[in-house]
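Chain naming follows the written order as A, B, C, D, E and F, and within any one chain the residues start at number 1.
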Amino acid sequence: MLDQNQRPSPISPTIDLDARGVQHGFLRLPHSRDDSAWGSVMIPIAMIRNGSGPTALLTGGNHGDEYEGPLALYELARTLDPADVSGTVIIVPALNYPAFRAGTRTSPIDKGNMNRSFPGAPDGTVTQKIADYVQRHLLPRADIVLDFHSGGRTLDFVPFCAAHILPDKAQEARAFAAVEAFAAPYSVKMLEIDAVGMFDTAVEEMGKVFVTTELGGGGTARAETVRIARKGVMNVLRHTGIVAGAVERTPTSWLDMPDGDCFSFAEDDGMIETIVDLGERVQRGVVVARIHGTGRTGIAPIEIKAKMDGILAARHFPGLVKAGDCAAVVAVPQG
Amino acid sequence: MLDQNQRPSPISPTIDLDARGVQHGFLRLPHSRDDSAWGSVMIPIAMIRNGSGPTALLTGGNHGDEYEGPLALYELARTLDPADVSGTVIIVPALNYPAFRAGTRTSPIDKGNMNRSFPGAPDGTVTQKIADYVQRHLLPRADIVLDFHSGGRTLDFVPFCAAHILPDKAQEARAFAAVEAFAAPYSVKMLEIDAVGMFDTAVEEMGKVFVTTELGGGGTARAETVRIARKGVMNVLRHTGIVAGAVERTPTSWLDMPDGDCFSFAEDDGMIETIVDLGERVQRGVVVARIHGTGRTGIAPIEIKAKMDGILAARHFPGLVKAGDCAAVVAVPQG
Amino acid sequence: MLDQNQRPSPISPTIDLDARGVQHGFLRLPHSRDDSAWGSVMIPIAMIRNGSGPTALLTGGNHGDEYEGPLALYELARTLDPADVSGTVIIVPALNYPAFRAGTRTSPIDKGNMNRSFPGAPDGTVTQKIADYVQRHLLPRADIVLDFHSGGRTLDFVPFCAAHILPDKAQEARAFAAVEAFAAPYSVKMLEIDAVGMFDTAVEEMGKVFVTTELGGGGTARAETVRIARKGVMNVLRHTGIVAGAVERTPTSWLDMPDGDCFSFAEDDGMIETIVDLGERVQRGVVVARIHGTGRTGIAPIEIKAKMDGILAARHFPGLVKAGDCAAVVAVPQG
Amino acid sequence: MLDQNQRPSPISPTIDLDARGVQHGFLRLPHSRDDSAWGSVMIPIAMIRNGSGPTALLTGGNHGDEYEGPLALYELARTLDPADVSGTVIIVPALNYPAFRAGTRTSPIDKGNMNRSFPGAPDGTVTQKIADYVQRHLLPRADIVLDFHSGGRTLDFVPFCAAHILPDKAQEARAFAAVEAFAAPYSVKMLEIDAVGMFDTAVEEMGKVFVTTELGGGGTARAETVRIARKGVMNVLRHTGIVAGAVERTPTSWLDMPDGDCFSFAEDDGMIETIVDLGERVQRGVVVARIHGTGRTGIAPIEIKAKMDGILAARHFPGLVKAGDCAAVVAVPQG
Amino acid sequence: MLDQNQRPSPISPTIDLDARGVQHGFLRLPHSRDDSAWGSVMIPIAMIRNGSGPTALLTGGNHGDEYEGPLALYELARTLDPADVSGTVIIVPALNYPAFRAGTRTSPIDKGNMNRSFPGAPDGTVTQKIADYVQRHLLPRADIVLDFHSGGRTLDFVPFCAAHILPDKAQEARAFAAVEAFAAPYSVKMLEIDAVGMFDTAVEEMGKVFVTTELGGGGTARAETVRIARKGVMNVLRHTGIVAGAVERTPTSWLDMPDGDCFSFAEDDGMIETIVDLGERVQRGVVVARIHGTGRTGIAPIEIKAKMDGILAARHFPGLVKAGDCAAVVAVPQG
Amino acid sequence: MLDQNQRPSPISPTIDLDARGVQHGFLRLPHSRDDSAWGSVMIPIAMIRNGSGPTALLTGGNHGDEYEGPLALYELARTLDPADVSGTVIIVPALNYPAFRAGTRTSPIDKGNMNRSFPGAPDGTVTQKIADYVQRHLLPRADIVLDFHSGGRTLDFVPFCAAHILPDKAQEARAFAAVEAFAAPYSVKMLEIDAVGMFDTAVEEMGKVFVTTELGGGGTARAETVRIARKGVMNVLRHTGIVAGAVERTPTSWLDMPDGDCFSFAEDDGMIETIVDLGERVQRGVVVARIHGTGRTGIAPIEIKAKMDGILAARHFPGLVKAGDCAAVVAVPQG
């Protein structure tokens, strides 16, 4: 593994990562393919550096069908005045850029799920090459990483900001403080069970602060969720001292997702009916969703029940569902 | 045209359209194809008949990615007790069944948009054959047609029930009365400019009552919009006298869509940001949406402005937009 | 319709249809497309003419995934000695050539089912243009047409030769005599219910003798069924006097397919199990096939029963079945 | 046919076709589809009008993989000064815009070949709707039409301007004069054998001047061929008097394509080798191309011979060839 | 490799592999993808445990287009009475479930050939993850494995049960005894030349009994071959003592496949004609198949000859053949 | 890596690589897949051996859309008289045969770029298996390798022969002498920056002479470039003494590509216009290409400038360009 990683990244930035001021450019990744023998993937990147201070790496489009992050970050890259910055803001608004351009969760080139591709590989797939560049060239520069997610085309979430429960409690506290600063309607303490390949893990293993979000979903963005994203990113920059001024605090409700019983999975194909809407209370044992067979009329639907008390925090989005899909997620309000 | 239409439909129902009681079956449409030489399209149909009274034809899945209608109608077909019926209820919960199974607006077989395929043709495409069967075999039996729509995967609407402004004002009044009975949060009087090929037109030209809806969108259904659909269809059945009991009235806001200035179209590809949410007030000249170029950072977005005062009644749903897409629809509250 | 048909066919033959001897060539049909601006479809044709006598048109590949006909006819075109011929043999071994090259029932260009495309159109689809050429240029030359079919990839048949029950009983008798001469293991008198667009109908409406076959299926050919095809075509040529010598008679069993109760259709998707094999006796009411749900274990299969006494004459071939597919065909042995 | 055409076009222009000055806009064609329920095709159009004088309609992208026309016309639309114009120049630089965006000859929406879609239909396919709009709304305004073509991805041509041999010799003379003015390296008098559906025919049947080109091919454009296109279009505008100044005359060689023997078609699939290059002399009977089988080594190639004396005017472009493709075109130098 | 395999499997069973009685459930494998962010592959599994005795692992659908195994095993899972069992029967009727649902040999997700994916990997492809789970969680529990195969869509076999010639002759003898008990019409002693990645090898390397079959093919199942499968699996269970009662013995013919000369490969594309049918005698040097070129008539076919005496044990199934395909397999009757 | 490579190659040649005379055959690579369970990839290979002398390995089709090499090598394989040979000529005219058959740069099976797949792997993808066979079975036999390239469908080059600047100057000198002998219009000394996975590197690391070409492009071959290829390969064989006779010398111009400033990349999608043609002089700072937006008229194109003096040695070929594509390559004439 080490030998492999010592191979240089094929990606070359068109901006100078050590320069000051505002720069707009690309991470250029050569990508030879049938429709372009000497083609490249051009991943937009912006950097705003001024004075001295910490470095924030802000990423959107880790999954290509989630829009609150890109909407906040393209705007921030365009409008953030370096005079207001003390430190460095690196913005990659569409991290899995091929996926983002296609409007799909994973890359159309290699089906790569960016958030399962870390630490990446310089001679791997396109997605792994991007991950490797982030791992070896951007993360070492960062003090804090804010990685935007939403539910994408197939899930919908109540809007929340989140960080992981970590073995290093000081690191964890710094992360939860940043979540608190983000000030989304909900805030979540996540216990990661399967952390293999995640961007989160890559950052946390370096001892840095990692903050993430789920700000809606369905492959769209609402005006409200975009406002949450924009306020949140500015709040985090203020919280770190990169941007001056007080964090704009608004109330947030803390949620737990204690174990696997939060998740209800479909065991059948069909048309899904969610019985409660996002944010509504559910009780253990109530039906939260039903799956209707559609091949003929007159057939009773299959019921999916909540396995704990809480609120409906996420749900399957498309009208059709397949066996194995996550139908509903219940989270437990704290305090 | 007449000769062609006198050719018999290739569709055969597996239920007896003249029988009483509850029947669940299919409209079987032979469809020879590469993966089934002697295959058929099997369109579920249910019929509940009892006593004497008018006939309602209830249809969902005219577009295959709209779910409030199918969720209301599969359920109704399963649960409507013939003892409660005086007349006939014909339910085709997924009219463009191939589209519905694929979760797409149009049929994957022939790309047919059912709502532009009327009056259909017995020797046309699969979609046209279904339309022709409805036109010649189901519509003549119906007194009222309730055809459910939602925005589908690419549009989102405030939930409304609607009927057309018609030259026959008595017919129009009957339709608006049924809309009023449906009791959706919004009710719309629509002026159809381009009625060619629509199911609506086919029904209205026979002098019958045609009621339709737009109950949300995005290719999903929410618990709330499903409740609206279920209440609405029962209300319409009560309103016609097919089901006994009083219409369950709840307040509705009437909206107008007076002319083409309601609609704002994108002239550019990019990532769309809707500045106001559905149902919010907009004023003539304000920016309702912006299109962000995504190829590089640092580029100003293109602004789309409202062309009249009103509320945001519909919007483009997916995060990406293409030149020519409808970005926003403004409707004018009445009274 | 007439005006349209008076437009000349775009197809030009590379052989002289009025010449004597053996000719191998093409029906060249210009077909401009993305991958060939000035491309053509080249449909192989062979003609053997000698002395005086009737004309037989022999066709295979009407459906592109049926191989007994093409195997018999490419061979016949290569080996038939004009010295043995009194009259004319026109051989189009792969009538829907694009479908045949793709190994699919219908044309990959336009999804055209050749046997539903007659009389065709000179300005229609590629499939319709081929049909039109046959209709207007080949059929007028023919006295008898032998069109080979098998079940294709999705059906399997007991091997039979067949002709239609016709209003003109003299014409019918000539056709059944040719069927008898073909001497397949089974011979079938078919009552066509839906004859629209069929090659059969096009020929019969001209008062000519039309003979067809179903010689197996599954998208393959067995040595035995190829031998049946080769013997059959030579027998038909001998029967007409185009080739000298006695018909090589072997026993054949005559079957009837009296009405729609011969056919059993699946109403569910799943894995199909045929309970009896082709040619075996079935009795009215016995289970001939079962459809197993595959989404989970422990579910009882759905049973499909025979609706009349007879033998299993055809069955769905692939292991998976879809709602609407023909699962089984029962035929009634005669006499 | 007439009734159909009296139906109004669904296309609405975003520019005022009766206004003066420079306008850039779109022909907006509503196109409901799975990925945009209320989407449109937006076909760019520009118009420059000043003073009095004739109207020229300039079109590129009739086939979507031909670039000299679009390169000349987007540039002309951007740079033509209305002060230099006496009359009207209507520019549609990418007529089959969906094809042009896809880089394909035909439309990816409906596989429509624009040059076989005239006079179009307002309720037909997208390609037919565009043709219908041109036929009924743009052509009546035009005095002369210059429609740019090149070989596209699958053919390559010596660069020429051309017009048809016409029954109306005065009309023909006006067209050849415009061809002469265009001043391409080659000029061609074409005898159209199959004119059905062509844009050319639509224009000529109105008695107007129609001029076309073939300016290279292969799905690319060279600097040289773009210069020919740009000089040519300005020359035609000067020739008509719409733009002041003398035609910039350069020598042109006139060519004839007298009959079908100009064209050599492949009868086999394989790898093609063109033995002479474009513009080189060939003699009747010499081998102009060979088709190599590639399935194994050691096999002799198939030879394709010229059927007349002349120069190689066009050839199959891609390295692979299919049976039925046009391999080579020979033209006969005049005078 | 070891480190990797010590990573836990992502698969979780919904049944308790240590419980008694009948259980129907799933192996749930999380599979995040564009159409389901939190989706899973749900592989049906059934387990019947009672009393004490050995454990049999019964698998079908190793290749997704082979149906005798799944038809026998879904039925067995549904009907096997635990009262009749002494020991444990684990049934995975569709091992490569994504392939089975698609009706394809390999997985549509990753093109994985399950039988070349052992020992699998917990962080590999979906197919490798399933293999890894079987390798590390199911195989250690098994004493005997019966893995059903048939020819699939592209091969057809005489029906046989088989085991491998092994270095451990005691293990080999136990396997051949189980083959004898299966009592298929043919029984085969296989010498595996390339065993890399096979399920067979994975089992045999653990010193366990591995029995497999080829029971027909073509992507279908016949009543006869399903009966062979059902009788065979019960016989094997009786033979092991898991089910009481005597093995139902029927005659079987033992065959050898001594070396690579059993296999004849096509060197050309075309239409294949098999000259002898399955089970028929062939002699060294006779033509067993011919490949007909289809691009034109009049061309001699290419002959493929048997390289040894024996019977035709398998053949290419589809009517079209590609260079490199296995055309025919000859096996040598023993004794 | 070593363990893996010691696994034997799955490829078996149908010719005897140690025999004399002319042999035509295949490298047969088993490839089980959905459409052929026991299929193979059949890569044509020819070998001509006579007398004693060195061994040349001649390869084309390393990329599947480049035709000068295959056209020269199929012809050479067919016509080279062993009596004229002293030594051995191994010809693989279409190295990435699946790509060559598809007419694509990379393999349609695995998207493998052969020239990034060395040293390959016997248990890797199909492309890697071919590379591994070449690496371990063909390269050890070769003294010199001539690997033909052209620009393929997406690039166009001035015709040149080339070798690499190498650390071993004696090896380098032998390579440049062979380039000189090839006698293309241009000769290039290449400094490879990223040599990972290249065939070139694999050969050079064995200390052997490696010569390559770029002989045009666009996915076609011109008569002129084919003549260059044919003369070149004979010259190289004469130069090595494998074929007797003097090298046919013609003038060549030597070019340098000193560093990354040779290459200009597009940063925008659009329609590309190359301002100068191949071989024309360019000066540092001049516009060599422009990218035109096509979404609307009236927009200024983006200019791409040369970063050094030289000639235009290569350019993007298709009319459309994507951000990241190489737009132009400038090379510096030497001496």
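One rule holds in what follows: a contact is a pair of C-beta atoms (placed from the backbone, for glycine too) under 8 Å apart; a residue touches a chain by one contact, two chains touch by 3 or more.
This one's a predicted model, so the numbers in the text were calculated from it and none came from an experiment.
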More Cb-Cb contact pairs, comparing B-F against A-E, go to A-E
Have a look at D-E, C-D or A-B and name the one that copies the A-F interface, over half of its contact pairs being the same. C-D
Could you grab the centroid distance between subunit C and subunit E? Build each centroid from C-alpha atoms only and quote it in angstrom. 35
If you average the Cα atoms of subunit B and of subunit E to get two centres, how far apart are those centres in Å? 49
Mean-CA-position distance for subunit C and subunit A (Å): 58
Show the residues in subunit E shared as contacts by 2 or more other chains, in ascending order. 26, 42, 65, 267, 295-296, 318, 323
For subunit D, which residues count as touching subunit C in their complex? 63, 65, 104-106, 111, 113, 116, 151-155, 194, 196-197, 263, 265, 267, 318, 322-326
Subunit E contact footprint on subunit C (complex, rising order): 22, 24-26, 42, 44-46, 65-67, 70-71, 74-75, 77-78, 91, 93-94, 100-101, 103, 156, 218-224, 226, 271, 273-277, 280, 292, 294-301, 317-320
For a test of understanding, state which residues of subunit A touch subunit F in their complex under the given definition. 7, 10, 26, 28, 30-42, 123
Please output the residues of subunit B touching subunit F within their complex, sorted ascending. 267-269, 295-296, 323
